[in-house]
Structures are given as structure tokens and as C-alpha cells.
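Both complexes shown next keep subunit A, but they swap its partner, so subunit B is in the first and subunit C is in the second.
Let's turn to the complex of A and B:
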């Protein structure tokens, strides 16, 4: 007797949809994925929804409303294994910039009737609300890493996802170092690998979209970037983008700006 | 006497990007209320863009939408260059048009094959479609992959490309790198013709809607990045004049702001509008392919939007081939943009329609004020008007059929709710 297919659910919270689009961007593998796992709940791709519980849940987006803070608990309760995908779900995303500002003022700036808008003062990662079994980084995630996570799950093994810095894959790609060779500020030394070191390959510094690597020395890098001419407000902004809520980047952002 | 109420409700619309719901209510046999509610949580882009450097706008605004990040980058860089008083031509201009072609292909093919076609065949998704039409779905997936490969070749990656900057590109793609794409693009152009022939056979209701179409119009080209904003109601303005003619407003049931022509009200932007206002800007062979697919020079049947998207997909492949055949690496790959205290505006044609952005820039090059008006927020009121008409005409149907038709009617406009919401409003009234 063959084992029934595992079931997959894909959930969206505050986000741009780009990470779940990465699933549909696996053009060569999509039909194979659909043959290896039962896509039970993926509203962006299908109007057919099978009730939970689900074996594997992929969660995109951050928690920004009271309703979503409840909903993620329901998702967790229905999920045997829960993986967050992308910077919103793992660090709060770009919308976590509200965490450093007055959200009531934000609401007034964007909406004529701010009282119609329900929102929390913060954008927070999924792991701040429920237990997360694995976090996949990136803004957006890398689809090869996503396939590795799915494949590892189906084979009952741990995903092989590097926690080294962008620098290491940048060297392997053969890029000249933009900071050494051109004096271009670059977050590569403190950012987790996974993208393939795209930005330095295009003559620009890494902007940290995969978030901080394990044990980064962000303060030392910031000192070097200051020597290269970055001002205090610029240093704050460079750490406050898509992973502004990640601990190491948040702490370094707070050291600068004045 | 008891009042008889009939309600059709879909709490989570499927096969659209983002979170929205549908609500239709009849009372005593009369249609009483129709709502496309958007409950996607707002992310406040326009608020947190303030105080950021103008150079950051393309990377930040890309994150509004994972499906059409290039559109946000294009409107952002053109708005910043408008503030600086710069107009770029030559190969930088051509490369921008080229990366936009990649996004049109990727987004349109996604919608045609994976989101919309299943509606016409009564199927829940493309995976089911693949069981009966395997070759067709594989063709669509390969077309989409080629669109993504084009974006990657220029932008570094397909979602949130890194190579677009104010003033041009960080690095110009090598000529041979782009030439290597030509065999696939030529295959894609043939596949787009087959796609057009296929979607032309799909059964569509015979309806014509009274839309005011709004799109860009360029003196020579089918519009992508440049042109005046024109409408079938006689509007003809520069992007700078957008605020004088259009306005945004908030409704209670949406976290996305709606938009209207100040003098009149709802309008439609997107493929139907672009096509109907710019048919004469399509190359003759593509005009003929459109005619062969049963389209006239204008199209007011929203259920035929899938056919128009296929025409635009064919155009995007054709235009990409043309640009690459003439491509030479621009040197330098960007021009310096000196900040000055000024306001910049731009409108470009996202796959889903007109995307307007306006920025006030201070003397330090920081953003003082940002306004972003995505296509789906502009189309919300029209999508609801379509729903009224569909619900009225479909009143005799059983609930499941009427619900399916209403959902299809929404998908006709390929709403991107993730885009819309950062600006739209959103409370759902479930009374």
C-alpha cells in the first residue's frame, strides 16, 4: 500500500505575494511538486480548498492586525510542520518600519478616514506569535532554497540551507569585492547567503534582503561604511529596510541616525 | 410578510493576488448590494517613504507587489527623473522597455493560464487543467519562465530585481547575454500565437460594458513607460496633470483607496483600455492576429480580457525580440541625478493598468511626500459595477453558478489586491 500524499497549505499575511509567487515560478518543477504533495489550500492558485489539518504549511507575511494575530494561531493549530517564507514572515518585512514610528500618524497620512483602518502599532514576525519549525529567508525567497525545503521535508531530512554570509557566495561567484575594489558600501559581510550574491554581480552593494547572518559584526561594518563616507542617517537607513525588525539590524539601526 | 434575502458570499477570493472578498445581496428578488471588499492589511508605503533617499524608491516600492515589481520600479525612476528634470533616451530607455516586456509576459501568462483559464473550463486550478490539457499548461509554464528569464537577465532576479536605479541601470547587460535569449523568445512568440488561438475558443458571455477607458498613449509606440494619459471620454493630459483630473477617495469596505475622474466617476485601466485606445499602435501583424482571434479595434466585453491579454503577450514577445536585435550596451549604464527641491510625476503601464506615482523631493534628495496610485485601486469601482450587471443578469442561476460567474467577473480585471491595499481602505462590513 502506498502512503497517502502529504498535504500542503499556503497562507498569506501582510506581504507583497512575491514569496508565494516563487512557488508558481518553479515552472519546471511545479507539476512534479503537485504530483509529490497534495496542494490542499493555496488560494492564490486554486479555488479548491481541502479542510485541514495540513502536514506542511508555508506562511508568507507578517502580523499587523489583531485579526491576523488570531488567525496565525488557527493556522498553527492546523499545521503539523510550519515553515515561514520570506523577510515579512521571518522579520516583519518593510512594513516593520512602522515599529520605529507613530502608526496613528501613518494611518492619517494614507487614509482620509483612519478610523476605518484596523491595524496594530507593529509588524511582527510569525515566530513572535507561534512556534515556527523552519524559517526561510529572503525578500524575496530564492526558489532553489524553497525547492530544497520542500524536498527535505518530503524525505524526512533537515534542509541544507547555508547560514554563512553573502561574502562567501560572492567569492564563489567570482565577483570582485565592491567594497574593497570600488569603496561601495555593502551589507554582504553581515547578511545571510542564499540569493547568490546578485547585487555585487551588478556593481552595487548588498542591501541585506536575506537579513542578518548568524553572529554578524554589524557595528564593525558600520564603522567601515562610515569611513567610506556614509552619514549617520544613511547608516540608519541601510539597516532599516526589508529586515529592519531582525534583531541585529534593528540594534545597529538604533545606534545610528543622529 | 417575511422579507426574502439571498446572499452570495465568498470570504477568500481565490486565484487573485492578495486578500479580498465578494458579497452580493438580493432582497425580495431585487439586487440590493454588491461589494468587492479588500481586507488586505495596509502596509503604509506612502508614510514610510517619507525621509528616505530618492535613490531608495525603486527598491522599496518594488515590495508593494511581488507580481509586478518592475512596474513600481519603472514609475518610481521616471518620477524621480521628472523631479530632476531628466529625460533618458537611447539604450537605457530601450532596456527599460525590455524589462517591462518581461514583466508583461510573466504576469499576463500567469493570469491567462493559472488564474483565469480554469474559470472558462469550470476547473479549480491549473493543476487540474494540466490533467486534460497537459501540453497547453506546459506551454504556458515555459512562456512564463521565458518572461522571468528576461527580467533576470536585465534585473538580476525575477521578483524584486536589483539592477534598476534612478538614472539607468547599475550594470548594462552584455549584448551576447541578451542575444542568448532570442531562440526562446522566438519560440515564445509562436507559443503566444497558439495561446491567442486557444483563448479565442473559450466560451464568453456576450456582454458589452460602458467603460471610460484610461491609458497611456505614445506618438509611435504601444505604451509602456511613456506617453500622455488619455481616455475614451476625451481626457488628454500629461502625467503631471493627474491630480487635476483624477482623485482618490476612501470607502468603508476597502483598505484600498478608490479613484475616479473628478468630473464623472469610475473608469477602467488595464489591457482592455490600453488595447482599445492604442490598437493603431500595434504592429500590423499583431493587429491581424487580434482580428483573427475575433477582436475588433476596441473591446468592451470584460470576459474577453483574456484574449486581449494574449494579444499583449504576443506584442511583448515581439517587442522584446525587436529591442534585443537592436541592442547595444549603453556606456555609461546610468547618468548621475542631482537632487533638487522639486516634485516629480510619472505614469507607466503595469500589466494591470496605469500606475501613477508622485514624489515631493527636498534639497537633500529625501522624499518629503509620496503618492502611489496602483491600477487595481483605480479599477475597484468599475469591478463592482461589472458585478452589479453580472449579478442582475445572473439572478436566475443557482447560487453556485452565480458565484462562479461573479468570481470570473472579478478575475476579468486581474485584480492585484496586494498592490491596491497599501493605499486603499479596508474594513469589511458583514452586517
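Let's turn to the complex of A and C:
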């Protein structure tokens, strides 16, 4: 008995397309993906769209317009299983910086005809609007993690996605710690693993692309980064990037900069 | 034997002498005997353990400062070849690797077949093992090899390993091996123990003590001269000097009573304010042995793999059971870790789980200091 292939849809909300590109970046595995799941709706890859409902939806991007707040409900209604992918979808993305600012003013500064722009005052993660079955972090997501989530979904098992710190990956990889060995500020201790500790492997501090880890103590890390020479505005800035809207990073960003 | 009068001239009791100029002969011999020779190497501003082709690859001319949360390479031009005590990486990375595939399975026409990965092709030879790290290897031997369950991965890597230690002349700012009875001179378990003498002079040499038949055979094949009592005295002075310059100290016996008496101390909350639960301390600790397993399958479902990874008691997953995580607070997690090191391992294995290497202090991003945390707890007065 062969089951029919499950169907996959990929949706875009406010985002840069980087996470969708990570799917296409699975060059070596693309044929295996296409063999394991029916790609029914993925307009970034093909204009051929099969109507829903879909077994699995991958959702990229955050909710920044009233129209998108409606559209995500339609996507949810058409999806048996919904996985959000990337910092925009899971935390509001870099565009969540608007949550700390006056959007009307941004609109005036950026656009020649601000009256053409309809937007919400906030950028919010998908899970604030509809039920999400699994969140895959990262800016962008890591392709091995994406393949793991797809494989786990297809074979009815729990995905092996760590919620521990980047440091655990960093040490297992054998990187010398950039904070300790060079005094370089690093968000690794408060950031969720998943990237494979790429930045420390190249002697850079972690930028926090994967958002807060399971038990983040951002205040203690910020104290240490201040000792290493970071100023208050710099401290605010490091917590206000791709995951500025994630609770632990938002709270720490708010503690600094004044 | 009653007389302690030292014989007038050279004696094998004092050990042998390996002139620095002949150090490569030792490495060549080990390579020729089929060992995978590893030693300290400076790479990217840090000290790692890497392949050691020859003595010139040793971190000659380098030192390092260590303090809570900071390790800094210094190009001091010191003539010593083993002037850096240690880096964050320990021999654990080779004997008890951070990631190992335990097996993989593949679907076949009539079921599935299982493949196990072979162990390392060559036995290891470690050059420059510090006394604390030698003790740490013994702790892991006890846990992973001597109990009722022998760890196959560790066993395959540990058996046949040839250990060459180097006594410490310059302990780091976070070292406290004297307190833990593990250094700065190598105790037992080595094949060869070296003490570096008169670096920078024409008589730069190593005093060599043998600790095993294999070590004796190497000394014989190298044709080393016997050491004099003067050489032994020099080595002793170096070790005594290092003992007097420990960066830190801890009363290990009192620590056990202190930890037993302070299970509910408010001090754990104070640690929790600072601790990041990042797990770095456990990853760098040369005695921490905990692992987790991860099972994965590929997209087709035809291939499955089981991997084993270093785990850390600072994660939620470590104590996750039906209903949630047992140690939810960072204070509870730190208390567990420090208690396991200094107290509980005694009960299980009759020895300390801490060898005083100081790595957890140096490599903690926020500099949490195991010796200071014990000292900060109210002493047990009972």
C-alpha cells in the first residue's frame, strides 16, 4: 500500500524571502524533497499552483498589515499542519523595530507618497494570530534544520531541534570562545542553537539570529558585555536586530540605550 | 631499604634525560609506532589540541593569562616549549568525542541492516598532558570503563593510548590542582612524565620519568641517559614553585560538608542571577561525561541514524520527563552541577569529580568561579 504524497504549500508574509530561498538552497536535496512531498503551492519556485487544502504549510514572514492578518487565517484554515519559518514569522523580524517607534513618522521619512501605504503599527509573529504547530527559528533558517523538520513531519516523529544555547554547538564544534579568548561580545549564551555556531567559528560574536534560547539570562550577559566595553546604545542595538520582538530580547533592549 | 643517601652519580631512579634537541626523536618514534600523535597547538589566538608533527609545532614562545571569563594568548617569547598551561579544549574531545554516530540503519528489501562506525584507525599518543588532565582522564576511565557498563566509544579510543605528561611550571590564574590533589606534578597513569628544564639554554632538556612498561620501552629505544639527582632536584624545585603560585584554592574536604549543609541556601538564587545556563562549564570540564542521543531519519525514511552528543546539566532537556523539566531554575541547575563535581562523585566513585583545572572558571562567559561559589556558602559548623 502506498500512501499518496503529502502536499506542501509555502507562504510569504512580510519578509525578505531569505527563508524561502533556503528551501531552494537545498540543491542536493531538492529532488529528494520533491520525491517525498508534493510541492503544491510555492510561487517563489513555480507559478503552477494546486488548490488547497494542504497537508503542510511553511509560513515565512510577519504580520504587518490588516490584509495579512486576514490572509493568515485563510492559510491556517487551508493547512493541516502549519510551521512558521524564520525570525520574521517567529518573532516579527527586523521590521518589529517599528514596535518601538512611530510608524507614521517612518512612513513620512521613507515614502514619497506615504498616503499610498497601509500598514499596522506593529510587526507581529504568526503565532500571535493563529495556532502554529511548530516554529523553526533563524534569520535565515538553517537548511539542515528545515530538512530535519520535513523528515520528522513525514515520518511522524518529533523533530530534533535543540532549544539550548549556541554555546553548546560552539563547544561541540571545538570553537575557541570568542568572548573568553578575545573579549568579543557574543550573544551565543542567550541565543538558541541551530546555526551550528557559524559566527564564532569565524571569530565573530553571535548576532542572535535564532532568537532567545530556552532559559535566556540576557541581563547577566549584558552586564558582561558592558564590562567588555559596550556602551548603553550598543547594548540596546545588539538586542534589537532580527529578533527584536522576541520577549527576552525586547525586555533587554528596553533596559538599555537611555 | 633504610639508607636515603643519594648515589653519587647518574641513577635510573631519578629518571632519564631527553635533550630538547632530541625531542623530535620521541615524536618520530611514536609516529613510526603507528600512533596518532596529538599535542598543544596555537591556532587562531587560542590553544587547541592538534596533530603534532614535530617539536617546532609546539606553542614555543607563547604564554596565556587566565582569569574568570578570560583567556588571553601572550607572545611573551618565553623559551619554554610548554609555557601555556592549557586551553579550553581538553583531551576529552578526543577520548569522549562531542559528536559520534553510534550507528546507522538502512531499509533493505526484507527489513533493515544496521552499520556501526569503526573506532579510530590508530591509537592516540598525547603529548603535554597536564597533571590535572591526567587525573581527569582517570575519572572518566572510572566512569566509562571500570563500571558494570563499559562505554564502547570511549574504550576504543582510550585503549592503547600513550600518555606523555608535562609538569606545570607556571600555573594559570584559575588553577587549583594543589587543592584537589591532582598536580602540578603528574601522579599515576602516565606512560612518560616530563619536566622541562633550563629552557632557553644550551642544556634545555626534559627530565623523563616512566610510568609503564610501554614508557620504559620507549626510553630504552631512545637510548636516553640517566638523570642525575641534580636534575631531579631542579624538577622538584619547579613543581614546588608552581605549587606555591596556584591561582586559586579550595578546601575540598570542607566543600563536601558545605554543599551538603546548603541545599536550600539563598545563595543559589544569587548564582542564578549571574549564570547564563549556557553549558560552557560542562563542555570544557575534562571530567563531565554526560551525553544525550539524537535519532534522525532522512526524507525518504530509508536511512536512520543515532548520534551521541555531549549533553549539559544546564539545559532543560537534561531533566525533561513527562510533565516537564525537573530543574527549572538556574540556581537548581548550578547547585546540581557543583554538587556533582565536589560531593556526589565521591559517593559514587570515591573520588572528586573536580581536578582543579580551572577551565570552568576561565571559560564561563560571565566568570562564575567554582572556588568562589563554594567559599560564598555558609560553612558547615556542625
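As a convention for this text, the second predicted complex is superposed on the first by the 257 of 258 C-alpha atoms of A that agree within 3 Å, B and C clash if a C-alpha of one lies under 4 Å from a C-alpha of the other, contacts with A are read in each partner's own complex, and residues count from 1 in each chain.
By definition in this document, a residue touches a chain if its C-beta (ideal position, glycine included) is under 8 Å from a C-beta of that chain, and two chains touch if they have at least 3 such contacts.
Owing to the predicted nature of the structure, the values given are computational and were not obtained by experimental measurement.
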{"item": "Joint occupancy of subunit A by subunit B and subunit C, clash or fit", "value": "fit"}
{"item": "Which of subunit B and subunit C A:16 touches, first, second, both or neither", "value": "first"}
{"item": "First (subunit B), second (subunit C), both or neither touched by A:117", "value": "first"}
{"item": "First, second, both or neither for A:224, with subunit B first and subunit C second", "value": "second"}
{"item": "Contacts of A:203 with subunit B and subunit C, given as first, second, both or neither", "value": "both"}
{"item": "Subunit A as apex of subunit B and subunit C, Cα-centre angle in degrees (nearest 10)", "value": "110"}
{"item": "Dominant toucher of subunit A (residue count), subunit B or subunit C", "value": "B"}
{"item": "Superposed arrangement (fit on chain A Cα atoms) - minimum subunit B/subunit C Cα distance in Å", "value": "10"}
{"item": "Contacts on subunit A seen with subunit B and repeated with subunit C across the two complexes", "value": "203"}
{"item": "Contacting residues of subunit B [partner subunit A, same complex]", "value": "12-19, 40-48, 50, 52-53, 56, 59-60, 63-67, 69, 110, 114-115, 118, 124-128, 130, 137-138, 141-142, 144-145, 148, 156-160, 162-163, 165, 170-171, 249-250, 252, 255, 257, 407, 416, 418, 422-423, 425-427"}
{"item": "Touching residues on subunit C, where the partner in the complex is subunit A", "value": "44-48, 69-73, 87-89, 93, 98-99, 273-280, 283-284, 294-301, 309-310, 312, 315-317, 330, 362-367"}
{"item": "Subunit B contact footprint on subunit A (complex, rising order)", "value": "12-22, 24-25, 27-28, 30-31, 34, 39, 43-49, 64-65, 68, 93-95, 97-98, 101, 103, 105-107, 109-113, 116-119, 123, 139-140, 195, 198-199, 201-204, 207, 209, 234, 237, 241-242"}
{"item": "Contact set on subunit A toward subunit C in their complex", "value": "29, 32-33, 35-36, 147-148, 150-152, 154-155, 157, 160, 162-165, 167-168, 171-174, 176-177, 179-183, 186, 188-190, 203, 214-215, 217, 219-221, 223-224"}
